[in-house]
Each structure stands twice: as C-alpha cells, then as structure tokens.
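To start, the structure itself, in structure tokens.
Letters A, B, C, D, E and F name the chains as they come in the text, with residue numbers starting at 1 for each one.
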C-alpha cells in the first residue's frame, strides 16, 4: 500500500514489524580475528541438503584449507579444514540448537604456521571462470544469510528458466546483527566483484543490492565503488523486519511476488547474501575455500561486543571467551538474530557456516507473561506472508491438521513477526514449528 | 408489497421461529455443531417449509373446507409423508448427502417449525403468495439462526471451559445470548 | 573459565518483543475513559461517578469470585474493570445502583466467564450486561433523567433498595432519538456535540468521544478500521435514506445516541470483533446498516447495542469468510 | 352425517395417497445395505481409534463384513467380542499378536543431566523446537507428556522420573503415541519382544555415559552375549534383530542397564532381574 | 430389548422421572420447555396434556407394533399422535377454555414434541403395552417436573407471582427478561449447570466413599 | 433383526386403514366436544362484547358485505370469512352499540382487539385486547395499564384518533400513549382508525337491526 503514496519514497514490502535495532554496540566495530582454538568440530551437515562425506581418516594430518569432506550429490557441498592439524575423531557430537550429527574433530597442530597451502590455490586456479558452479560447490560455500543453502545451487539456472535480476541481500534486518553491515563497509569491492561474478554466471541483466536505510555508511561505501554504467544498483530500503527474507526483498525492490510455495526463480530472480557474494569473490580471486566467516557477538550479556572472523568449527565457548566471556547477568545465549535465533543450552557446540550472530541476553523473552489471545489481529497485520497466525496457533493447539493445511501453515517461514507484536505474548512461531512437526509426523505415519 | 416485506421480516428475524417461537429446538441444538451441516440442514428445512406452505394452502383451499377441524392431522400427515419420501429419495440419489445428514433427516418431520408454519399461516389467513413469503422468511430465519449458532459453537470448542458447563448447558447459554441479540429486531418495520 | 550461569534459559524466538501487552492495552482504554467519565459527571453529577464505580467494582468482584482466586487471579489484566466501567457508561443516569450492579455481574459472569474468560467470550460482555438489563427492566432502562440538575443531585431512584423500583418518578426528559422517533422532533446539533442532552451517561458528548477515539486510534490501541467502517456506513446509508426523507440527517445520526460511544469503545473490542482486516470492514458495515435500519424502521429508538451484539454473533462467520490471502497465493 | 363421512374420507384419502407414494418409493428407491454392517458396528467399541488401520469403527465393520479384514484386527475389542463378531459372520477371528507401545529411552530426571531451563509451552512438541529441551541428551525423552495426552485409552502415565510408563494392559497399539512423540521414541512391538534397548543416543563411550547414566554407550557386550545376529551394533546403538527375542543373558553385562529384559511394563522390572542386572552390570561398570 | 430380561416395571417408570429425565438428561422436548414455562400454570397444563398424549400414543404404538410395517411406521406413529393431540386440544377447549387460550398453538405443537415420537420409536415400538405405558408415564412425569422446575423461577422473578398469586409488594421490580425467550434459555442453562455440578459432586463423594 | 419385507399392498393398506380409523375417532371426538367449544367461544365473546359496549347484556352477530351491514348466520365468536361485528343488545334487545374485532401488526406480532363503537357520532366506548404477543411489562400495558384502557371509554374516532405523549391529551379524539410502549400504543390507534374507517359508513347507513341468531 504505502508504496502508492508519494510520501514514502523508500521501497519496502507490506506488513512486517519494526523492532528496536540495538545495532549501536557493534555497527562500528571493525572485523577482528581471533586466536586459534585447540580443537575444531566440523559438522558434516552444515547446510540444507545431503551431508558431506568424509575423505580423511582418524589420525590423518590435514593442512589448513584442505578438503576433508566432499559433496554427495548436487545439493551438498564440500568441507575444509579450518586449521592445520590432525583428525582426532569422526563421531556424533551435539550441534547448535539441540541438534546433533556426525562431525570431524580436528586437533590443531600448535606448531603449524596456519597458512593456506599452495595445494589449495592450485586446485582453484585464479581467473578460470569456466565452471564457477563446480568451484563454489567444492569450495564449500553456502549462503551466509542464515539458511546456509548451498550457493552453487542458486548459481545454476534450471532448464527453461531464466534470471533477469540478481538481488544481493544487504538488509540485515535482524536487530543486533552487524556482520553483513561490516562486510559491506570494509569490503565493498569484494561484494561488488561477487555481484558481478554472480550476474555473469546466471546471465542476469541487473543486480540490485538491497540495503536498509539504517546503514548509510554501507550504502555510501558500495555506491562509491560502483563504476559508471554498471548494471549494479544499490537500493535503499525502509527499515523494517523481515525485509531480508528473499520474498520480501524482491517485493520491496521490484514489486514482484513470488508465488506461494515457489522459489524466487519463478519471478526471474536470484538472491544471494552480500557476504556470500564476497566469499565467491574471494574464492575466484584468492582461491580460498570457505573456512571462516564473520560472526557478530553482542548483546547486554557479553563483556566486549565485536564482529569476529571465526574459523568454522570453533567451539562457541572459545568465541565467547574471545569477546571477554559472558557477564554474570547473562541468562541466555542465542545463536542468530533475536527474531529468528535459537536459544542454546550447551556452550560446547561448534560455530557452523550458517551462524551470523551470537547474542548474550540478560532478560529472557518471557518477561511478559502469556495471556489469553484477545483476537486483536495484530499478528495478522504483522505477518509478511499474509497468514493468520492467530487461527493457526489455535489449530496447532487443538491438533487440527486439516485446518493447518487449509490455512497454509507451510507458507510460514518462521520470521516471528507475529510473536513479536502479540500483546498477549503468545508463542506463535513456536506453535508454527510444532504444527509443522505435527504435519510431518502425521504424513510419515500415513 | 410493504405487507410482504413485513411478513418476511417478521418470520425471519423479528419472530424468529427458533429464537422467539422456540420451534424445532431439538434439531437446532442437534445439528449446529458444524457450520456446513447447519447450513445444509437449514436449506433442507427451507425447501420443506416451502413445500409445506404450498401443500397447506392447497389443503385449506380444496380439501379442508368441509372439515377444517382435521387441519392438524392433515398437515402432519402431509409433512410426515413428504419428509419420508424426501428421505428415501436422498438416500437413493445422493448417499453422501444422506450420510452427512445422518439421523437428522427424520428430525425435519418433528421439526416444530414446519408444522408451526402451516398452522400459523392458516391462522393468519395468508394466501398463497403470502404463505410462500412467510415460509421463505421462516426458512431463512431458521438457517440464519442455525448457521450463526454453529459458528459460535465452532468457536467455543476451542475455549477453556469447565467440563460442568460444556455441552448442553453451554449451548443454552449461547442460545440465550443470541436470542438476547435478536431482540434488537423487535418491532422492525412495524410502523406503529 | 566463563563466569557463565550454570543453567542457561531456553525460550522460543523471538527473543525481543514489542513494548505492548494485553494489560497495558486494557489500562490505556481505561485511561481513555477518564475524560468520558468526567464529561458524564459534568452533565449528570455525582450519580455518574457512583454508577461507574459500582459497575467497575462489581465487575471486578465477579471476575475475582469466579477466577482461581490465587492473589488477584485474572483481575490483573484489567479487562473486568474496563467492562464494568463501559457498562455503567452505557446506562441511563439515575438507574438504580442495584441494577448497575446486577448488570455488571451478568456482564462478567454470563458475558465472559461462562465462555472461558478473557479472549473467549463471543459477545461484548458490557453489552450483554446492558441487553440483559434492557430486557429485564425495559421501562426503567428507557427513562432518561435530564442533564444539568446540579452536581450533588441524586435521584431517589438511584438509591432504591435492591429488587424494588423507586417510589418517586425521576425528572425525565426524552432523548434526542426518542424525540425523533416518537414525536418527529429533531434536536439542535450544538447540544448534541457538547453533550447537553438526555441519554446514557457516557454517550452524550460527541466532542469528547471523537477526541478520545482519535487518540486511541493513533496510539494503535484498536484497529482503526472498525470504528471508521461503522461510522462511514452510517453516514452513507442514512445519507441516502435522508435524501428520500426516510431518515434524519447523517450529522444527527452520528452525534445522537450511543453510536459514537459504541464505535469508539465497543465496535473496537478486539475479542468480539473479527481478527482479519477484511472482516473488520464487514463488521463495521454490518453494524452501520443495522443501526440505521433499527433506528429508522425498528421498534426501538436506538439500535447500537443490538447491532453490535448481532455482528458479534456473526463474527466467527466473518472471520471464516475473510481469511487473508497468503502472499503470492 | 355427510359431514362425518366426508371427514373420514378426507383422512383416509390422504393416507391412501401417501401410502401409494411411499410404497412406490419403497420399491423404486430402495437402497440395499447389508444389515450385518450395522450389527457388527454395533458390537465394536466405537472408539474410532484407527488402530485397525481404518478411518473408523464403521469403516472397519464394512471391511469385516466384506471379508476383507479379520475381526481380530480390532485391537481394542475384548476377545469375547471378537469371537462374537466372528461367530456372527461365520469367519475366523484372526488378528495378530498383541503389540504394545515401547519407549526407546530410560533417561529419567535422575539419570540424565539437566543443563538448561526450558521455559515455555509445556509440550514435548514445543520443547523439541527450542534446543530440544533442557536435558543434556538431545535424543531422549523430553518428559512433558505429549504421548500421555495423545493416548485415548489412558494407557500412558507420566511417572515421577518424568518418563511415560505404558500400561500394557490398556495399550491397544493405536499408534497415537508413536505419532505424538516429536522425537519418535515410541514404537509398537509385539509383547514377545522382551529384550528392549531403552536408549536412542548415537553417542558412544564416556561421552554418552557422562550425558546420561543409562545411555547405551555402544560397548557391544550385549551383541557378544546374544546368539549371532540377534543383537547388532548400529550407529552407536544396540539393535535387537531377532523377533520374539527374550534371552535375558544378553542383558546382564550391560554397564548402564540400557538394554533390559522386560516381562510386561517397561521400567517395572521383576525385582530379581533388576537386582541381577544391577549387581552384574552397574557395579561392574563402576569398577571398570 | 425384550421384556423378559429387561428392567423391572418400577425402574421402567422411574427412569424417566430423573435418571433419564427427558429434559435434563436426554435433552429432548425442548420446544415446549422453553415456550410455555413463563408461568407455572401453563407448564402444569402443558405437562398434563403431554402426559395424556404420550400415554395414549405409547399404548397404541405398542399395541400395533407387530402390524406396523417398517417403511411407513413414522407416518403411522404421527397419525396416532396427531389423533390424540387433536382430541386433547378439543377437550381442553371444551373444558378449560382459558388455559387453552393461554397455550394457544402450543397444544397443537405437542404433535411435534420430540419426546412423544422419540419414546414411540425408542421404547413403545419394541415393548409390550404395560411397560410402554409405564415408560410414558415416567417420561411425562419427568417432563412435567422439569417444566415446573424451569417455570417456577421464571414466574417468580419475571412476574413476581407464583401460580398467578403476587408474592412481593407493589414496589417489586419484575425482571421482564425472565418471561422473554432469553430468560427461558438462560434459566435452563443455569439449572443444567447446577445439575451438572451436583452430579459431579455426588459422583465425587461416591468415589470417595468407595475408596475409603 | 431384519424382518421380512412388507409388500406395497400392505403399506398402502395399513396406512389407509390408519387414516380411516383416525378419521373415525377424530370425527367422533370432535362432534362430541363441538357444542361445548362453540358455547365457550360464544360465551367468551359475548362477555367481551358486554364489557366493551356498556349497557349491553347480549350480543348478536353482523357481517359486512359489499359495504353493507347485515345480520349474520354465523354464531357469536365463531370464525367466518367475512368481516364481523357484534351488536351489543341491552335487556330490551335494543342495539346500544357495536363491538368490532380488528387486528393489525403490533410491536412483536399481530394484535387482535375488540372495541365498542357507537355509529353516528363515531364514538368508541370501550376496547379490549383479545390476543397479543407484546412484551410483558411494556407492550402488555395496552391491556394491563388501566389508564391506557380508560382512554377508550369515550373517544371520538372522527376524524381520526390521535395519540399524544402521556399527559398531553386535550381533545376528545386524543389518547395518552404509554411511556415505554409508544409503538404498541400507536399500533392500537392504527388498528382502531383502520377498522373504524371501514365500519363507520356501513354502520351509520343503518344495518337492519334485526335480531341476530341467538347462540
């Protein structure tokens, strides 16, 4: 609606919410490196799709950046050693958010210089743009936007489809997080180079880099490096959550709505995170696989909020220690942003490729007691998918699975906008997830 | 014309057969647990009402002139016979519908609204057209009341209500409030 | 080693929340009632305050008596207080206090608790209380004492002992709607706007209600579509009828009776109105049409209460037919 | 008098008319339905639980009358009723051996570490989506009783250990709890399967034991002690392969008691066996 | 349900009185229960009239049960019932014209009182005459009892009278709603709730007594 | 359980027989109660007539056909398909006025009234509500409120009856409305005006005041 009004010049999507941003603690923190840890735990399943297959044995020596697990099938990627050392074990380990899975445990060689070996750069000779898809897959690059979707899949355009526009997602609409922001400010050229690589790969006409208006320095930095006549355009967006969700981003920038249950390719669009683009640029230009990523560590419960370049597999405890450790007031550790992030019970889990932030919170979200739903409709007005969270939640509680289907539970992407605005503090997203589990189990039983 | 409007308003909302005249309460409470069943049965009743109105007018005009005191029994025989016939027909023609309505079909026979309509239209001296409008109003009112009630009942299913209240008592509480709301129609188009 | 807490807490996302809560919404509406109560006290004297206090107190007491009674129980959310105050404000001045109390008890017990308490009631509890009183004591409920009889003036009817009616008749005045309906006399707009006319406690001053409504709407306490749809429908529908001489003017329709009060405080009750945006429009449309029909062609001079109750009854159906269309679906 | 006859004629005439109409309808519009379906449906318990694999009792009755299912497939009815139905239709009672729901976890409150406080909806489904609850073991029972709530037969009770205990007498193998458990810990097993591995963690060795005292730490002793192929080690867990396997010997050296011989209800071992298991297993483990 | 091993005659009669009370337990026959219970007198007359029809038709249906062909049985029951109702209607008009006027069309509507057809189908059509009549008597008594229970508060509160006699002084303010349709529904609802509570409590007590 | 299928002939036969028997019973009962019922009706109506027409002790029925009034064969209180009026006769058998039944829509439903009417002057001399479903406590005041009923003891129906707010009536053709039941009050006025307009001329034109059939 609002885009029809001449007053609101900035593009955005319909519905959504505006949580307090809380970005001030880290938005100016320059990305820093951390000391190496002793042990790294690398989950074979870092991403959506099939888990990778180990290509190393227990006790084997590995170099930094060496391939340690290879993709199994198309929707699957490779895994590389984040440090030089020895493979200590290949066994199931607890992973973030109460999951678990087979991991390769690498014990660091304390005497190694931890340089990327020549071997790796030679496997991916710079300048060879012939088959970016293969190389991205074998470099283990997955989306940094949160879902950790294997990036090469999005680089390959299916038969009969085409991509007109590439969208680089620089919204970072989650409160607290600033890792993408810092990447855009500190490495605008890598982002733009990645954008161009992606655009050429999918034969797109244009690239839109969507950045919310609360990151003027990022917008300026990117714009400063865009050459004249480039098909790349930085679009300043109204600050609103969940602008960064791909369907919302596309709607906000070009007003095309992805059909329900379908992917952006249906509207000739491809979406990549800005940091993902930078990783692709690094791969092509420097030959490095994905072995580390930027993580924002922040929140009122951490001693020293920072943006940290973390090797994948670093134990969470070490990362927190790097930031001065949890304060005694901390009562919760959340992996991801505060809207979609998952509370963590165990600090011995490793950092994974999809981790964008670690929040140490002092005030649990249950500060508000749950009240009965007063049917105020705020959740409906917040839901960017135009669902009816109120009714859905009711149906989940009463296990009315037919109704859940009819109300399109599957279209909920768990953005938590509904829970955020609910004055009665109903755990709406939690119920959405419970409902999806219900549907899944019922389907399995049938 | 004005008259027909009043007849319709009167039968449908002002003196709603269910909520003001208390006719056919048992099926009203029996079938209003689902909106779609309520609607289907409401429409079934509407048709039965129209047929009954027509039959009653014809009976009055051509058969009962000599023995008006046989009105009651003649009406009820016609209604019972028709409903039983319709039941057999539905069973044959649309077993799915029959299964959906289940035991509710015979309830139409004993639905007081139908006999009530025949008796009232005769005592009010309505002619053919007036009678049909009256029947239409009654049917619409009946359906309206049933569908609204069903909507409300589908909603209270989800409420945390004490076991003591659940069931019949609760339905009566809801019906009470509904009939309280329907009092708003009192005197509509009465032009006092 | 971290000085990390031994046990981290696990809660579901989101880990931040908008600064609103249901009790807060309720108390904002209670606060919005203060100017309305002040206006009522200005026109009808201390009686207004007595009645509102009685309504709120009895409503709260009833809620407490039937809730789990652990501490304040469900009283804390403030909704019972609000219901009681709203009920009192829809009653004629000088109504015996025992009737106010009875209405408040019925409003909470029948209108709300029977159906499961806050959030589960189907009909607007305050209006259930009022409809009960209207049906129980039709004459008393349509006897309007005149405004401006002095602040400390208390009718003997107001303090009649329970179950009895007052021995002496109140100084009654016809309400503007009663005057149009039964004596074909319209009232000047000015007193209607300021509120110096006979009518229920809270409804007489149009200007106060409009201001309060706009403030509540801007603060997003309620869904603005509901009152807007209601009032717009009344204006349009009565406007058309007015052109044919079948209705008083839209300006009169707007500023008389309980329409503004109902639109601001009762059409906006979140619990008993549709959750969907489209449903809100249908609801307002329904209330508007019914109000105009009942006022102009019904047996009652005023139909706001019944219109709202009837649309409350239709709300589950409205919710059902107005499900939002999912994005891209 | 004419009045009199006229009136009688009117009524008789009306009745004649409807008699003809209904008689016609009766012969032309008759739908034949096997009356035995009603009879059988009348005898069934009407629980509509679906344990028979049919959408409801009536559908089951139709299938039984049609000869497509054996009456014994209804696991809710008593043997008497089954025999009754079988007699009525003149068919075999049929049916399978009684199966009951079994839980693949014994990690009660005192056995498994609590490492965080879960706050929120009190259902397993809800806790499962929040870091799989506060207990250290992400595979184990969440202890919030979704299974007990799902059971329409009152066969599951949450015991003080925070574990569901199935009353095998009441369980009719309806599968509801199997679907209800978000971690898939329940399965339906024949009563004759008496050796149960009551754990689901793939972790092995000290990591498993540190997390939970009764975890299967994949030591493999049970597999060694059982006849070849009866018990296999798969992904850090012992798995019983042989149907109707009930050799208690295989359980005696389990260091944690994760594998158990059960006579009827789980967690309600005959004292003798429990003591043996303790003395031989746990003490052994502690010494080692 | 054959008579030989069936319940005793007494329990056949007493069932309808309370245990299987048509209004409070089976919840049928609601129309008259709501419509004519605004005064106790109306309720009484209606109860007696219904009792007569119920007994007569049950006896007839039971007597003719062997010769009634299935496909037209409902029609035949209805004819029997309507015959009795017409007779009662005229008898009342002849003997108690005032009560007849008060009850108006509701006498005719006894035909469609669910209790009567319900008992014909559920009991009389399967049982000999004597138990059928006893069952009818019990049901009618239960029906009348229930109607009295509902009409008493309605008349007292709604008109301030009982059996037409004023109970309170002239300053009593009657609750008109009680004699209006909503009052009927709400009274019934309240009584059902009280009954449920009472049943619940006595069941609890019994359980307690059995446990100790 | 499954009984043998009855034949069509059985069905038709039993049903017809049932109708026949029921017809016999009904006719019997009806014939035996008919005189009593008729007598009750007549007595009730006659009593009503004597109440609304002061001075009358007996009633006689008249009907209006083609704008003319004539004595009717229909008994007092019995239903007829023609508009009826009852002459109120004094002891001497002289017509002292007419009692006319009339009906129209009220607040809730149709109201039926009987009013006493003296032709010529067109004065209404009494009114009684025969049947109404008006709200108890409000609309029912049209017959329970003595003040309201008293309005009709002497009321000019010419040119037309006019209702006034309570306590403001001043002319002989005006009545006081009931506070809180204006609609029902209006309904009565409307019914009376409508009916009086139809009967005024025929009655004034002089019915043949022959003695009606005695009940």
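Everything below uses one rule, namely that contacts are C-beta pairs under 8 Å (C-beta built on N, C-alpha and C of every residue); 3 or more make two chains touch, one makes a residue touch a chain.
Every value quoted in this text rests on a predicted model; they were computed, and no experiment measured them.
Undergrad: Specify the chain most distant from subunit C by Cα centroid.
TA: Chain D.
Undergrad: Work out the mean Cα position per chain and let me know which chain is farthest from subunit E.
TA: Checked the centroid distances; the maximum from subunit E is A.
Undergrad: Could you give the separation in Å between the centres of subunit E and subunit F, each centre being the mean of its C-alpha atoms?
TA: Once rounded, the distance between the two centres reads 33 Å.
Undergrad: For subunit A versus subunit C, what separation do you get between their C-alpha means, in angstrom?
TA: Their C-alpha centroids are separated by 48 Å.
Undergrad: In whole angstrom, how far does the Cα centroid of subunit C sit from the Cα centroid of subunit E?
TA: Going by mean C-alpha positions, subunit C sits 41 Å from subunit E.
Undergrad: Mind checking the centre-to-centre distance between subunit B and subunit E? Centres are C-alpha means, answer in whole Å.
TA: Centre-to-centre distance between subunit B and subunit E: 21 Å.
Undergrad: Of all residues in subunit A, which are in touch with two or more distinct other chains?
TA: Residues 342-345, 364, 366, 427, 430 of subunit A each touch two or more of the other chains.
Undergrad: Counting only residues that touch at least 2 other chains, which ones in subunit E make the list?
TA: 71-72, 75, 79, 82-83, 86, 90, 176-177, 180, 182-183, 186
Undergrad: List, in ascending order, every residue of subunit D touching at least 2 other chains.
TA: Those would be 3, 7, 10-11, 14-15, 18-19, 22-23, 26, 115-116, 119-121, 126, 129-131, 133-134.
Undergrad: So in the complex, which bits of subunit B are touching subunit D?
TA: 63-64, 66-67, 69-70, 73-74, 77-78, 80-81, 84-85, 88-89, 91-92, 95
Undergrad: Please give the residue numbers of subunit B that touch subunit E in the complex, ascending.
TA: 19-26, 29, 69-70, 72-73, 76-77, 80-81, 84, 106, 109-112, 114-116, 119-120, 123, 163-165, 168-170, 172-173, 175-177, 179-180, 183
Undergrad: For subunit C, which residues are in contact with subunit E within the complex?
TA: 110, 132, 135-138, 140, 163-165, 167
Undergrad: Enumerate the contact residues on subunit F facing subunit C in the complex.
TA: 107, 135, 137-138, 165, 177, 179-180, 182-183
Undergrad: Write out the stretch or stretches of subunit F touching subunit D in their complex.
TA: 1-2, 8-9, 11-16, 18-20, 22-24, 26-27, 30-31
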